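Here is the structure we will look at.
Labels for the chains are A, B, C, D and E, by order of writing; each one numbers its residues from 1.
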Amino acid sequence: ASREIRIGYITALSGPRAEFGASDPWMLEQVRRLTENGLTIGGNTYSVEFLMRDNQSNINRSASVGQELIQREGVDLLLVQDLDASVATGEMSDIAGVPSISTIGPWQAWMYGRGSTPEQGFPYSFTFFWGADDAMGTFPRIWDQIDTNRVVGDFYFDNSAGQAFSDPNIGLPAIMEKAGYSRIDGGRFQLETQDFSAQVSRFKAAEAQIVTGFGFPPHWSTFWAQAGQMGFAPEAATFAGAFLFPSAIDALGDRGNGMSTEVWWTPKVPFHSSLTGQSAAELAQAYEDQSGAQWIQTLGYSHALFETGLAALTASGDPKNPDAVRDAIAALDIATMVGPVNFAGSPIRNVAVTEVAGGQWRKTTGGRHEYDLVITENALAPSIGVEDTTLPLSQLG
Amino acid sequence: MLEVSDLRKSFGRLTVVDGVSTTVAGGECLGVMGPNGAGKSTLFDLLAGATPVDGGTIRLDGRDVTGLPPEIRVQAGIARAFQIPKPFPTLSVREHLVLAASAGQGLRGAALAGQVDEALERTGLGDKAGRTGRELRLLDRKRLELAKALASGPRVLLLDEISGGLTEHEVHALVDLIRGLKSPGLAILWIEHIAHALKAASDRILMLHLGRKVIEDIPDTVTRDPRVRELYLGQAHHA
Amino acid sequence: MRPGILLAVAVVALVLLPFGADRGMLFLASEILVVVALSQAWNLLAGYGGLLSPGHHGFVGIGGYALYVLTRDLPVHPYMAIPLAGIVTAVLGFLLAPILFRLREVYFAVGMWVAAEIFRIVVMRWDYTGGAAGLPLAAARSLNREWMGASAYWLALAVALGATALVWALMRSNFGLRLRALKDDELAARSIGVAPHRVRLAVFVLSVALTGMAGAVSFLSALFITPVAAFDINWMVTIVFVTIIGGIGRISGPFLGAALYFVLRETLAFSSSWYLVALGATAVLVMLVMPGGLAGALDRLLSRKSTMETQP
Amino acid sequence: MLEIRGLDAFYGDFQALFGVDLSLQPGQTLALIGANGAGKSSFLHAICGMTQARGSVRLGDTDLAALPAVGRAAAGVALSPEGRRMFLSLSVRENLLMGANVRRRGPWTLDRVTGLFPILGEFADRPAGLLSGGQQQMVAIGRALMANPALLLLDEVSLGLAPVVAQEVHAALAMLRDQSEMITIMVEQDVNRAIAAGDRFLCLLEGRAALTGPCAGADLDAIGRAYFGEDDT
Amino acid sequence: MIWFETLFSGLTLGGLYALFGLGLSLIFGVMKIANIAHGELVIAGAFLAFAVVDLLPVPLWLLLPLVTMGMFAVGYALQSALVNRVLGDDPLPPLLLTFGISIVAQNLLVEIFGADNRALDPGWLATARIGPVWFPVGLLPLGTLILTVVLFGVLHLGIGHTRWGRIVRATSDDPALVGLFGVKRRRVFAVVMGVSAALAALAGVLLAMRSSVTPFSGVERLLIAFEVIVIGGLGSIWASLLGGLALGLVHVISFRLDPASGLLYGHILLLVILLIRPEGLAGRKVTR
């Protein structure tokens, strides 16, 4: 048998989601250096070859690079850092019998979208990330910290994640109701939507003081500008997906101050890498120093994806045997850059649920960056320290 | 065979065909003449269905064809050779005729080949059957117009200035050809500016001016008519 | 006779490819064949029929979804569902034609594009088709894992060669003559008895049916379908690039265009956006120096060579 | 003066003119005649730069052959084209003003042109496409005059004109001829009328000059034979 | 009240749409070609504005003319260097050429600026409101609408009532003939493409202030621009304004009633209009 392990890595380096993959080339460089001398598994030393593929933010391209990696390159393990790509390649990995691990995408979207259930699971594909319910659960706890009339307007981008977030039974509507918030339904919207005046006027007419939902930065910036123009000024704006990256907040100018969001990872989380021993702050610092860019939330999860993959290969005893690798992933329970990733003890087959906190973007005074993400809520991630309470937007101005 | 009554057509404010009526029987050739812009080609457009009429009726063998689209009229037997030849640039001469015979008359196999060969031979295009429309010179383009019309197995044949650009000699040959086409099953309408040719081939001549019929009679009467001399033939022909 | 034998050998070689090639090559070959089939179908409508459609990606998507929904809800084998997908798209095209054929030129083009958008949004909104989240290929686990790659390849080959043979045969038939005449000059064609609606309807339905089948084949190996993937405008970008660069209105066009397209993609794919820049620049360049595309340039080259050969 | 030597004209591979020579003095009018397709329009097109041509064309001191069409217009060549070619979305006045676009000095102004063709003044604001054929012919001629040309090219002057209108146009042209130094080349289907209107005539046959000479006392029979290419024998 | 707001949003969005369509319809009217790169011209305008404000913080009143002039130059250069070379009887070469340009432009923007969403911060203007308290309207959308109407008016006058406009219309009517009148048609085409690109760029900057753009946003703008000119009808400048306003209204109303269907009702509107009037609302019948 060949003494080389081939690992495929799919991410978005170009296209509309390129920001999610922005740190990946750098990250891969780090991991390559770490595995330069190969891995010793079950007494054999294997050289490690990484094959990174850009899916161009395009789901078709994801499928074809997935095919290419599995069929043409014959990879032993497929790592996927993109929800759309993980859905597209998950089936291939199951059918072709090549183990895959993915991240960055609520696990419900990944599992239900592919027609499976927590009891059933999948033969070869795995994912680790937080769930839509957990992330959404942080939202009412953020709002509880400020004084409002508890009327919330919500609207969602219509994709698989958006469907999970807006699901009436497991999504935000149910969670808000349970937490005692009344809901003004702004519906789902499509990618090409350029106008949110309908939602703004509906929320304004109902005197909603909180806005929430899910979407991408451009959707929010359009909504937020129109809200300003139409004189709608809520006390809290907590929108999943749109405030992940500092650049999205920067793009809002002064009006980005006070946006609140779910937090997957920040340089402040108290976790360490199982590969390098680096702390989160050190990882972010290294990235910022070497790339000149600001840290992004995906930095932690990309790193954890490599950690999980390499740990599984090592634990398998025979990395060239797909079934051994698959069983090793299923038995995995390790501490990573994003906290514990535990497949072994998970009640949901093929899924390890990670922690999620809540935070608020605040304008810094003379710091390195224009905005800073301040942790304000940590019920599901107690190891992440709370820095401040959430402030109402009217106080931040 | 062809009965036309009170045909009208305007483009915007410009009335081009203004209440024209006539009949053409099988075996007959009706010559059509008139100054430039008199509405001759437009009259043919109306007969062939290329433009919708504004008023009036067209009957073929008693059947009203006024509202039918051009392709159905061809199938009914109204075939036309255009004044400005319109060959299909990428089709060969033979393909033009095959198309005309199959689409126009629904012919297949040997009957089709026979009809195509006959049209080629009659128009003297036999040696050019393989050329594409794009390669043809003006004269051959005009011949092809006629050949196409023949291949579609017409009952009414509309010929629009097919002799333009021909030498005297060729015009005589054309007159002979048209005379030879005459048969009880076919009515011919021929627009031509060369008066003597028209006179030689036609049984009657219809003179149009400003979209109206000026006169319709046997050729000798028409060419002697003072209105025709004034409006169309001009002083040169008095000599 | 010689070209005939050559062609037969080429076809046999293509059919036998799965026994010689590894899975990766086979997959690439299937991808190429799908693109050839799509371009040939588009070429039939645009190149021979003169109807430029920027909305064929809509039919790629419908074909793909037909495969997924049919195999989910009916006891149909996925391979059998491919021709059925062609029938579904053909019926849809047939129903749409009365609206679209009222339109001309730009209006027709925009109408086609908008129709594709409507397909996408409806599929996205419809729970029956899985909505925005998409559908897995329910029947995938019933497929033979060993032969999956080869079967997908053979299906792609069948659709591509079928499309090519169909175009070839049509263009040699009476029907092809009518089509060419209509494209050259509609009025003149009607004046010799060609019924434009019937002819156009026929090419339109054939073209979308082939497109649907090619779409179904493509999504067969994807194992998962989403509206975004199925109705991706990039299908159109690829089809237009391949057909026009290759030489629109020529049967060899889609082959030559696909060859260039995949050479570019395979050699430059790693530089992400630069590969697309190169693709666009190629399109610009080809239009500047050989507006007839590769096939046109090749024709001219060959005819020059043959006139040179016949000269003493 | 206009001096043309060995003029060939081409449409792609097709040659429409073969070595035509011509020379005209200021103020002269040439009647250009010939059968359908003889190359009359091609001759005019070759002079004004609308088709590929070879040979020398000099107007006064200017070597026209060296200029593109735009430059020839500026040098004083104006054409009233066959089929009139109105700018359909322009009004009659705007069509006429297009003629003045090259901004050459001279006697012709909007007022003088409408003085020559009063009906054009009346219809100045109508879209030119709505005018009758004869009226359009007047616009085309007026439009060419507006350039104050040194060389006026008139293709098929009386095409589509009622005989009485044609006579008016010819009367106006005759007046022009007597009043100015402008050189005119006129294509006219009616041979008799052409000979009457010109100082010299040139008869083309299949792209070649078949016969040329002064109009005064021209032999109509010889012209007829040259016209149809019949042998004298 | 809500309906007034909807109406207002619809009209202002429609104004922006009309501006997308205006440049496209100009090119189509004059050169009879469909400029596939039109969407990218819109986006390029926005990115040019980003580049300018990144380099030096110019105020808005200076930014707009700077970007407009810059993109005029780009349009002029594109036409004279590339598009002019493929103009002819066959409509396909210009189509594929502009298609190629659009792909190149899109991906060059990605390489230079990255794939991020970017918006232009119009400062205080972003949320400035005027009008009575019971019906405040955003100054930015109102300004956009007014600017659009003014631009349509200017173009209408420029095309219809100036020497330049006469030359453009004459060139459009008969490009082969205008040389005889001393008109260099390639230059006319280049200027027209420049104007079209400038209008597109202006629309792009306004779009970037209203929402945000990525280098990939061109295709959607192109479809909207095509819908605008087809709904309005080809052949008249004002038709684009009509088409834009109609489409904007339908979009906003349908976002209100059924946000999840996105642009569906706009698309259906288009098909219905074309079904009733195959030449668009105010289009001339295509005579063939």
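Things worth noting here:
In this section, contacts are C-beta pairs under 8 Å (C-beta built on N, C-alpha and C of every residue); 3 or more make two chains touch, one makes a residue touch a chain.
The chain lineup, named per UniProt: B = Amino acid/amide ABC transporter ATP-binding protein 1, HAAT family; C = Amino acid/amide ABC transporter membrane protein 2, HAAT family; D = Amino acid/amide ABC transporter ATP-binding protein 2, HAAT family; E = Amino acid/amide ABC transporter membrane protein 1, HAAT family.
A quick note: this is a predicted structure, and the numbers were derived from the prediction, not measured.
Common neighbours of chain D and chain E, by the contact definition above: there are none.
When each chain is reduced to the average of its Cα atoms, B sits farthest from chain E.
Looking at which of B-C and A-E shares more C-beta pairs in contact, the answer is the pair A-E. Chain centre most remote from that of chain C: D (centre = mean of CA atoms).
Each chain gets a centre from the mean of its Cα atoms; for chain A and chain C, those two points are 37 Å apart.
Annotation: 76 Å between the Cα-based centres of chain A and chain B.
As a whole-number value, the distance joining the C-alpha centres of chain C and chain E reads 32 Å.
In chain A, the residues that reach two or more other chains under the touch definition are 14, 158, 190. Under the contact definition stated at the top, not a single residue of chain D touches 2 or more other chains.
Multi-chain contact residues of chain E (touching two or more other chains) are listed as 110, 260-263.
Here chain D touches chain E in the complex through residues 48-50, 68-70, 72-74, 77-79, 81, 85, 87-90, 94, 97-99, 101-103, 147, going by the rule given at the top. Here chain A touches chain E in the complex through residues 14-19, 57, 155, 158, 186-199, 201-202, 205, 216-218, 221-222, 225-226, 228-231, 247-248, 251-255, going by the rule given at the top.
Across the interface of their complex, chain B is touched by residues 174, 177-178, 180-181, 184-185, 187-196 of chain C. If you check the complex, the residues on chain E that touch chain D are 163, 166-167, 169-170, 172-174, 176-184. By the touch criterion given at the top, residues 1-2, 5-6, 9, 13, 110, 114-119, 121, 123, 126-129, 136-141, 207, 209-214, 216, 220, 251-252, 255-256, 258-263 of chain E touch chain A in their complex.
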